[in-house]
């Protein structure tokens, strides 16, 4: 028969206020198999823990029941107490009499009665608890970082500097992400390239980082510590080992393609590098723009290339990489504002979105840094419209956090580079970061006009053809403003990178309703996810500015390090196993398991479970008709016993 | 008067009780006023109306009556505030205290006394039909709901006749309601007199139930939107243009007469477009009529500008220069069209007035899509419409 | 002496018996007839051929509570369940079933440990035997003649009944039966020729024809031993067998049982329930080994237990040929054919 | 048109003989003579000589599909199947208990089979009511057509109309009769777990003794285990010595599964058994 | 004394149990008739648990799981939805009022929904009265003579 110790916690007054704890302890001592029952003010405190440890030794307890707060809170704490006292840590059961009893009732009678019933259930269950040993698996100490924006770069460098091997996967042909597109960064107006290109170069040179650009993740197998990630290397039609980046081929190429890097403002050659400081500085051929792929003749670049690096027959190749942890930093896109017909993006040439304006400012951009309209003229009046699609129930309810600040940056750059009058239509100026308010004041002093009213409509000016008119209400004066301008800049909502749904499916991440990846806990675990060993950093988790992104990248690198640092890892022991004598080979378990843990052993004619893949959800145990599968720690008899105990009083 | 105010929240709570619950969600971003067609031309400011409502400040009266419930602001509001409900609630709370503007008193008086806004004799409601058209009985399939405007307003009687003819030509089993029905109550409700609206609605519902009505056709988008939103789920309501569009596509009726390049533009009535989501049916009808050179206005479909007739606007006096219908007529003429087609009796009335006040009624004609369609079916419109002249149903001022 | 009563008046007899103690008699049910404790005298119904379940349940019920206990308390605290047995009257038992009690007595109250439950009930019961109707041919499944049981064999019964047209003749066989008959009122005395009819009905019953094979228990037992490892014979006969528990549960002579504890909320009873040698886990050992995991092994064991081991040990075949196992087998396996075939292998 | 049983029997014998002689199969599952011609028995012909004992008449109601799982994986088996039995074969293939390529299916289109205990005609009241086998390699007779197809779920209407308490009393009375002989479990082609959950002690799902609570637990859980798998062959009800109408509950569960998941047991080989499958668009209404 | 139903709650660890805790931390109050068993996923619930719970005297059983699509084991609750639907139909056909067995998808952030569902379900079961059909009657222990 088991020797059970019951320890009731007052949790100060939290429990004691609506549950008579001493009466509960006395009741516990009357239950069969309970040899010691005590109550104490703070069970989770050190004296509380010592009390349990001593009682375990003194009364030679083989089961412990702690009735206190939620198991999600202190189950780990009390498991360590048992472990230090020499008892298997799975022999403790936590009874939740705080969140689900004392805090949800005002009637002490009701609370005490319920606490007794729930405690009785735990006693029934405790009798059937068995010692479990956590499994130890070896951990591969490489890490994979998906997405090479500033977040991915930062995380890779931090990890590589600790000596870990990092696979950095980037979808585009160059790393750098959106930050590389900017000219300046707020609030310090540092040149974006000056602070980013050294890091990009460091990534290129670093011996521990394997850079895999123009690649996508196609398949993910395995589990924490032992991920097998298959990466598809999209065909570049250029052999980067031979090419030395002389870029002679890019001059001759007749092919014309829309430059994604310059947000479509200008065309670029079929064989191209996105921008001069691209890393790696090797061109790729855009299949849709290449004359050879379209019409079958040309191959000019092949003739020009001295190193015979062009290879039109190149195919997508797949490589599988073993890593211990994965950091997902896939970044963001701006919302397509074309559907918001009232702003006329795509209809009126004078309407730009934020990233296009970034390219206008950038010296490597289409206009070499000069701010000119699409017809080449310099704008006399510019209006920047905030919250286009953000903070809007009909599109995206979240605030994209950075648009106020980059709009201020735009105003400064417009004032610096042109003689135009600059207006900003805002609802609230959100300048909450370090140095942000000071930057906002500086911009006000630069005579930028702020109109407190969300831009309602952009229309062609009736009396000045070619100009635009921004209609809004200046809510401060209550007047309807019709502002004639030459250029309208929209600050669209930041949404997750296209393809992030696919990444979510591959890495088993859940997403919120706007598609941002869900962190395990918004406050306590913002960088880890529900899938063990998968971490997230940067805007893919939610909109944020560069300083926060870099901070998150370092955080994610640290969390990944905790896994890959040790070469062994202890896995949760509550997995499932098959009792071969009862298995009737119906293979239900094999069919239902989302992780493919159970497999059918043809020779023995029974199913078996690969405990490394098993996550302990217990689905197979309930699907098994002969109940041959034992879901450790939640076995059929334990659950049935607990139900019987709960229903007794 | 002093510039200090103290919030009087009881008033705000009264507004919330009267259905303006969304008042609380507004964060005063100004999108609604930026979008509202009235802001540029009148001192009506929907955002201020909501602000006064939020804090229950007095002085709200000047802002209460400018809204024509065109739903432009509701579609754009980033907080999803149902501004029309807020306006209706505010009007209900304040009009209760007898604050109704002078021009609306007659309209509401006629509504409660005769069940129609036009001071028309209740018994003469079907006189427009001259007993040529069938009455609805229990086993008739479609109820052709005659909006008060098409019963009593001479111009819109033509629309009623045209609609009746089209239904006959389509060979549908239809009938019009007897005289003991009354207005669907849309304008009364938007003016804030919710109690009167309930009475009118109940009367109509009794008629519907006793006659086992389930399929309703109407020419007035106001009736369409009200039946769908306020009269409960169990009625299948269609606007006449939707029915005609279906008939054309099923080849049951096909327009024959060629209009020889007549330039026509189309105005989306707010209650047909934004309120009920019907944009394409009237356009497809116009495109199906041979010889019509169809041209779109700048502000069309979801962006269409209101004619000013909704929310009691039809009966309100508006100063010159503060009439949306005038601006809309100018916009229509800017397209070079000689015919402005629409599909709502309210819009037709407003536009007819505007063409007269701007005396451009020679350059641009106002037609309902149904009238154009009927003409294209080869019906001689003049003799059909001639008999409308001798009707007199305006009752003596009793 | 001989008593008689009208067939349609047996409910009066039943009422009297019910006042004296518990009456168990055949009752019509959806699936056929079964022995049930009678609560309303009209339920008693004698126009049946034989019941589905054998009458052994009267002495050896399918569920018998032994002792009630409380978990956590010492075993000494357990409370044995009182066996209060009232005088019982087992009414309308066919001769083959009566003979089966005799064979079952060997196990329950014969040699060695005596089963107090069986003995108490057996002593408290008076058995009303009831002869088969000799005018009807025997059913296809029955073969009691092979085992030397007459269609109207009175021995074993306390009172033996024979139906003569519309009247029911009752004759006390044992002193207990005699005494009871005298106490029963409203029973008319049998006339002399009914006495005569009664006697030669019994002798006619002895040579009443049922399926017959010359089975003398010694050489059938020997033969079955020889063919123990004739695999394909046993495989062939057991091909169709589902190894369910029907044949053992309906058989008057199967006495295997299992002990189980039914606990609920810490309180429970230790209970005896029928078990079936045909169940897979009948011989499952704690180690997990199961000597008879295959169906043919279990079927072989069932046949040999009745026709070979039982004869070796107790000198009598543990079967009375009532044919119930054959009649109710879902796949129509017939024990008699298997034995016949075994002789020819 | 009446079914010529003799003709089917001869065709069955010739086919079985051919298959055994060519060595295409190692055993043929068919029906053999019982202790009288009203009680045929399932029979396994292992060589050409055994074929002589094969018989087929209107009492051959046993579903031979349940013997398929008894032979080691990979043995070549020929099996004679009626309509419902063929669905059992399909369901077993769906659950990978047997491979389609190891089977030669001899289809018997037949109607008017009789229950050997009661002698009544077996129809869609107690079975799925199909006449022609859904899966077969060789058809042993002309397909049966022209018969009125009554839905197998019509018999439920009366019980569904009952109110809850009346239905509870009905089922309590029926399930109390159960003597736990497990003939229903053993007769069912889909119940191939041995030991079954009710035989277990850790945990003890239901009491072992045949009183009402143990019976209820056993039968309700079995009904659930057969949800979406029961092919409505009626064997369990025919095998039950105390005639519990188990087919009623199985039909009800099958009807609910068909309505909720749009899938009928044992009709298509490529289907996945209902409860080990899911559709994301299963509506939550099924839980109201 | 008014009938106090005994209700068994089976809650999935990641969503409903966390939601229940959240209802606690936000100090909502709901009737205390619910006794919760924590399982790792709603798909761990074996239909026999539900039948056994009613036999042990539960007047109502409430199962809580993650919303379809948010399951921590991504398809667990989709299987559970089917299995629990069949369980409900079996209970209904056997004669148990379907209102005694309820399945709710409650996510980790829906503390108030949890409290609301418990209040509503407790009321519903209270109106149905004690569940005597499946319940095993416990004969009192005979005194030791």
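Labels A, B, C, D and E are assigned to the chains in the order they are written; within every chain, residues are numbered from 1.
In this text, a residue touches a chain if its C-beta (ideal position, glycine included) is under 8 Å from a C-beta of that chain, and two chains touch if they have at least 3 such contacts.
Computed from a predicted structure; not experimentally measured.
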What's the fewest number of moves from chain A to chain E, given that each move must go to a chain touching the current one?
1
Path length in steps (a step moves to a chain that is touched) from chain A to chain C:
1
For the interfaces A-B and D-E, which has the higher count of C-beta pairs in contact?
D-E
Of all chains shown, the one whose Cα mean is least distant from the combined Cα mean is E
Report the chain whose mean Cα position is at the greatest distance from that of chain C.
B
Please tell me the distance, in whole Å, between the geometric centres of chain C and chain E computed from their C-alpha atoms.
47
So, in whole Å, the Cα centroid of chain B is separated from that of chain E by 53
Centroid from C-alpha atoms only, then distance chain C to chain D, rounded to Å. What do you get?
32
Using the touch rule from the top of the page, what residues of chain A touch 2 or more other chains?
592, 623, 627, 636, 640, 644
Listing for chain C: what residues touch at least two other chains?
264-265
Mark out which residues of chain B touch at least two other chains, giving numbers and ranges.
none
For the complex, give me every residue of chain C touching chain D.
29-31, 52-53, 62-63, 140-141, 236, 239-240, 242-246, 249-250, 258, 260, 262, 271, 273-274, 276, 279-281, 284, 295, 326, 328, 330-334, 336-337
Spell out the part of chain A that touches chain B in their complex, as residue ranges.
341-342, 387, 391-394, 427, 452-457, 459, 471-475, 478, 480, 482
Which residues, counting only chain B, touch chain A once they are in their complex?
27-31, 33-35, 39-40, 45, 47-48, 75-80, 298, 302-303
Note: in the complex, chain E contacts chain D through residues 47-48, 51-52, 55, 68-69, 75, 78-79, 81-90, 92-97, 102-103, 105, 133-134, 136
Which part of chain D faces chain E closely enough to touch in the complex?
159-160, 164-165, 167-169, 171-172, 197, 205-206, 213, 216-217, 220-221, 223-224, 227-228, 249, 252-253, 256-257, 260-261, 274-280, 282, 284, 286-287
